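One structure is given here, and the rest of the page talks about it.
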Amino acid sequence: MQIGVIGLGRMGGNIVRRLTRAGHSCVVYDADPAPGAALAKDGATAVTSVPAMIEALQAPRTVWVMLPAGKITEETINQLAGLMKPGDAIIDGGNTNFKDDVRRARELAPKGIKYLDVGTSGGVWGLQRGYCLMIGGDTDVVNRLDPIFSALAPGLGSVERTKEREGEKLDPRAEQGYIHAGPVGAGHFVKMIHNGIEYGMMQAFAEGFDIMRNRASTKLPADERYDLNLADVAEVWRRGSVVTSWLLDLTASALAKNQELEGFSGHVEDSGEGRWTIEAAIEEAVPADVLAASLFVRFRSRQDHTFAEKVLSAMRLGFGGHVEAPKK
Amino acid sequence: MQIGVIGLGRMGGNIVRRLTRAGHSCVVYDADPAPGAALAKDGATAVTSVPAMIEALQAPRTVWVMLPAGKITEETINQLAGLMKPGDAIIDGGNTNFKDDVRRARELAPKGIKYLDVGTSGGVWGLQRGYCLMIGGDTDVVNRLDPIFSALAPGLGSVERTKEREGEKLDPRAEQGYIHAGPVGAGHFVKMIHNGIEYGMMQAFAEGFDIMRNRASTKLPADERYDLNLADVAEVWRRGSVVTSWLLDLTASALAKNQELEGFSGHVEDSGEGRWTIEAAIEEAVPADVLAASLFVRFRSRQDHTFAEKVLSAMRLGFGGHVEAPKK
Amino acid sequence: MQIGVIGLGRMGGNIVRRLTRAGHSCVVYDADPAPGAALAKDGATAVTSVPAMIEALQAPRTVWVMLPAGKITEETINQLAGLMKPGDAIIDGGNTNFKDDVRRARELAPKGIKYLDVGTSGGVWGLQRGYCLMIGGDTDVVNRLDPIFSALAPGLGSVERTKEREGEKLDPRAEQGYIHAGPVGAGHFVKMIHNGIEYGMMQAFAEGFDIMRNRASTKLPADERYDLNLADVAEVWRRGSVVTSWLLDLTASALAKNQELEGFSGHVEDSGEGRWTIEAAIEEAVPADVLAASLFVRFRSRQDHTFAEKVLSAMRLGFGGHVEAPKK
Amino acid sequence: MQIGVIGLGRMGGNIVRRLTRAGHSCVVYDADPAPGAALAKDGATAVTSVPAMIEALQAPRTVWVMLPAGKITEETINQLAGLMKPGDAIIDGGNTNFKDDVRRARELAPKGIKYLDVGTSGGVWGLQRGYCLMIGGDTDVVNRLDPIFSALAPGLGSVERTKEREGEKLDPRAEQGYIHAGPVGAGHFVKMIHNGIEYGMMQAFAEGFDIMRNRASTKLPADERYDLNLADVAEVWRRGSVVTSWLLDLTASALAKNQELEGFSGHVEDSGEGRWTIEAAIEEAVPADVLAASLFVRFRSRQDHTFAEKVLSAMRLGFGGHVEAPKK
């Protein structure tokens, strides 16, 4: 199948590679010509502009946009919309807010251009493991592009099958690593929740390892103090424990390399999905204590001190005459 | 009434002053002779040792111990216990864990020595405003020492009376600013909860002011950005708003002095009560989300970065190749 | 001064009363004629439609809209906009999202109609205590309408003055209980944060009283169990403690009436401000653990059980064979 | 190797089976004779009392106690201590607080009896998957009993090896699924943290699925509403996503069986480890927002309404005249 891919960064480039290996024909474009040239050696057709891509694709065209969420994605989609014909389809594979998907699909509908949102998980491992895809959009387009999605998805692989699915009316694609989640926006909505959960799981591990590491503190009674080998702890949990997970595997790798995690500053970024997950929870009046707390930890990590903390100290001075320790 | 006071720091010294002004006779002791000498000028009798205090007091003796919770308080009480006679009474006015009160009272009972725990709120303002007292212990001793407690307590003052109390079988002492909360430990338990609530209220204000301060950020859209005068905001809320409180008064003072709260490092200490409140909640299986979060903010404030944050970054590098910003 | 007031519910009606008592001339309207008729007896001029109000007011007109935030407020403002002349002013005194204020002011600007947002705190007590006002909008209109604002505000009253304000370049209106917070939206922004803080303070008290109440549980060791008189505890804290506040006064009243708070279902509503506060925090990347947790408690309070809890039990059954207690 | 096992419930019985299959000789006892009789058919030697077990074992004896943490475990260990000889060893494989381990080892030391604490994860799946073991105690005993631990542990299995461990001085046992974590208590400490993390991960999934489920609410705008198939979502995430984990596998199974999770009451139990994890965090002054919030959700799940919620409503009535919805 033929497909255009715009944005050839880590994710986009590997998507092209995985599609090419599966026999699909990719027309590729990036503002930086280097990655396109590299992919051309692997069999992709590199073009030098968005209009050139439209020209190079046969109708009905499909273009997968794999750019950072926000302005650049928006502009690219608008540019495509101006060049495409009825029946053509745009896929946003980035981390777009599902409400933007809904708006865009509404704007594109009068032109007959189809819009799909495809939440794409897999990170730097996707080329090898395959990409977990969560797709939103009209059923006919999702079905037409099935060869693309099934090529990108991990497939059954070595993951044990869920035996409770037998005989149930469930989507067989889910076992292959991709789903048609629902109408436009549903793909990015499910991906957003995935990332929200990811934040929470990460924070659970992070707090647990922090409590273990601080157990060596000499402030604790000598016989309740443990100098644990965290690399071994992470490793042992990978076999037979309840917390077995890919995130644990990654933690075990990192700790085996360096138990102190030297080289990490402690500054932790967050992206839109973690924030939007909380907003969705609030819209629905669903308690999301853990997901919200995980987000706030990241906000805090990027500041030396919050103004909030100074307010606390100001009050403590006011009512108790407490003078806090000076800045180190 | 005659009373011994051990520990003449900020709190202990002012307690002696307030008692002396009310006509009580105080025998005072501190490891440092200076504060005792100062109080002697105001009418107190300064002694140079604990045994000397016991000698100076007439039976049944009462000694108020006003020392930092922990080892020094424990040792002083043990010393008193070795010197006192049946019918004598020890008051722990510090911030002791209520479980220590229970243990001590059990140990003192065979000797006939009475033990009272008196949670004392008032900080640096107590001399002027009076001390809010939460008393635990046997009724007969609490009643015998009523003149002491009523002298220390703020009294009705200018605080509007709670009209719903009329005709109810409620303790009239509560309106005077002191209560007999229950058996031994109950006083410190109520004081502990008071401090737990205090942490939560402080954190609520702190977060609110932080969100207001950051509203001036140039990262926000220009017409949704406000450069608020936080001193004026705090002041205006002091009149007619729902968040009117002493903590707000103190915040208004601090912000009027310096809107940026310069000079505060952001490092915030916590004391035992905030911690024990969470432990009590866990023992009782009561959710305490806000009180726990308030405590954790203080723990976080005293670290450059947590190990937890580095664990997050290690995972992010592992699954997404994300490289965080370096240490500033 | 002459002013129109639309919306004569609990808040709107008392605002009219307070203005009338201060000598201002109010033209009032409500979809329900009853409250207007009642206010007419106190000196207000009741009209039967919005156009009639516009007719009854002399230019430059000012209309205070005091309706529930949302559709009805939006429609009323649109109706006013269609009838008003350049120089006229609309005040939204309700609990509108500050972003709606910004949008409205932008829409009204070409027509020369001024828009003010006035966050109004005071609840059922405002008539007597005065209303704490947080005003957003252009300085000239805010100044022109100063007589209205100063009449509604509580004034200096018996609240002790913040002595740190002396000599500082701070807004003297703040001490009178009203401020010009900034451009359009700033008033509702500050009011929103006020309510966010209010949620957090309330939750801090709520958790503390919950831990105290559950201390009587027979599951605890007999000598660490206390059957506390919560009405007395609330009352004693009103004098000399750190948590002294209006919210504590209200809690003391409620508990004096009924220590078990019988008659309250435990179902707790939330309004927009608590939610928007979290959204603002997220926009600014400010940690807001306590304010978010306070909101989530209310979401949880309105459900028998969350789906989340069932997911937990399903996992527990899966890994440990744990069977939870059945529904009561 | 010969070993005694006391407590033949789900965990204890399967531990005996796994040991017997590996060629070890088990002497077993349970207050209920039925499980011992069943295990005798599989090759174990069932005895009818603790003294009989001591008699049946050759010195140096090893007895694995696999009973619910608390009184029954304590009493059994005391009974063993009275019967054992120097050089014998007691293993507590249950979920004991690490501080109890420390105390017990101290009490047993003068008698020359060795004490090991072995945190044992594996639940109902341990017989088949092996048990993840976290061992605390003296190195000589841990080494002597290595055949027991290696037989119980999962072994390398099909789990991909952590390549960063190569060449590092790390414990090779960790890859086999068991570690010698440190001195007495360290095993249960690590197991405790494991369970704390487990709570956090579970809660992250639970909140995410809750937000997805409530996205079908008709209160939301029609085009931002999704009726997601949660069984398919859970399944798709099992392949190539970041949240891949055993807990997700279990969730996928449960949702495939019943998307509404009917039959689960929503009442969720907690055990000691989740609570002690927070206490350890507090002792160490480590923020544990997510782990604490996960615990509090469970506390909340077991109540119709908290007293805290009623306090909120009482305040809301007090300041705003708000009347909440009645009990359903």
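Observations
Going by the order they are written in, the chains are A, B, C and D; count residues from 1 in each one.
The definition used in the following text is that contacts are C-beta pairs under 8 Å (C-beta built on N, C-alpha and C of every residue); 3 or more make two chains touch, one makes a residue touch a chain.
Remember, it's a predicted structure, so these values are computed and weren't measured experimentally.
Chain pairs A-C and A-B differ in how many C-beta pairs they share in contact, with the greater number at A-B. Farthest chain from subunit C, judged by C-alpha centroids: D. Between the Cα centres of subunit A and subunit D there is a gap of 31 Å.
With centres defined as mean CA coordinates, subunit C is found 38 Å away from subunit A.
Here the CA centre of subunit A is 46 Å from the CA centre of subunit B.
Along subunit A, residues 123, 125, 203, 205, 207, 210, 214, 242, 246-247, 253-254, 285-289, 293, 296-297, 300, 302, 306, 308, 319 each make contact with two or more other chains. Subunit D meets subunit B in the complex at residues 242, 270, 275, 278-279, 282, 285-289, 292-293, 295-297, 299-300, 302, 306, 308, 319.
Interface of subunit B with subunit C (complex): residues 98-99, 102, 106, 121-123, 125-126, 129-134, 153-160, 162-165, 168, 170-171, 173-179, 181-186, 189-190, 193-201, 203-205, 207-208, 210-212, 214-215, 217, 220, 223-224, 226-229, 231-233, 235-249, 252-254, 256-257, 277, 280-281, 283-291, 293-294, 296-297. Interface of subunit C with subunit D (complex): residues 10, 123-125, 202-203, 205-207, 209-210, 213-214, 246-247, 250-251, 253-255, 261, 264-269, 289, 293, 297-298, 300-302, 304-322, 324-328.
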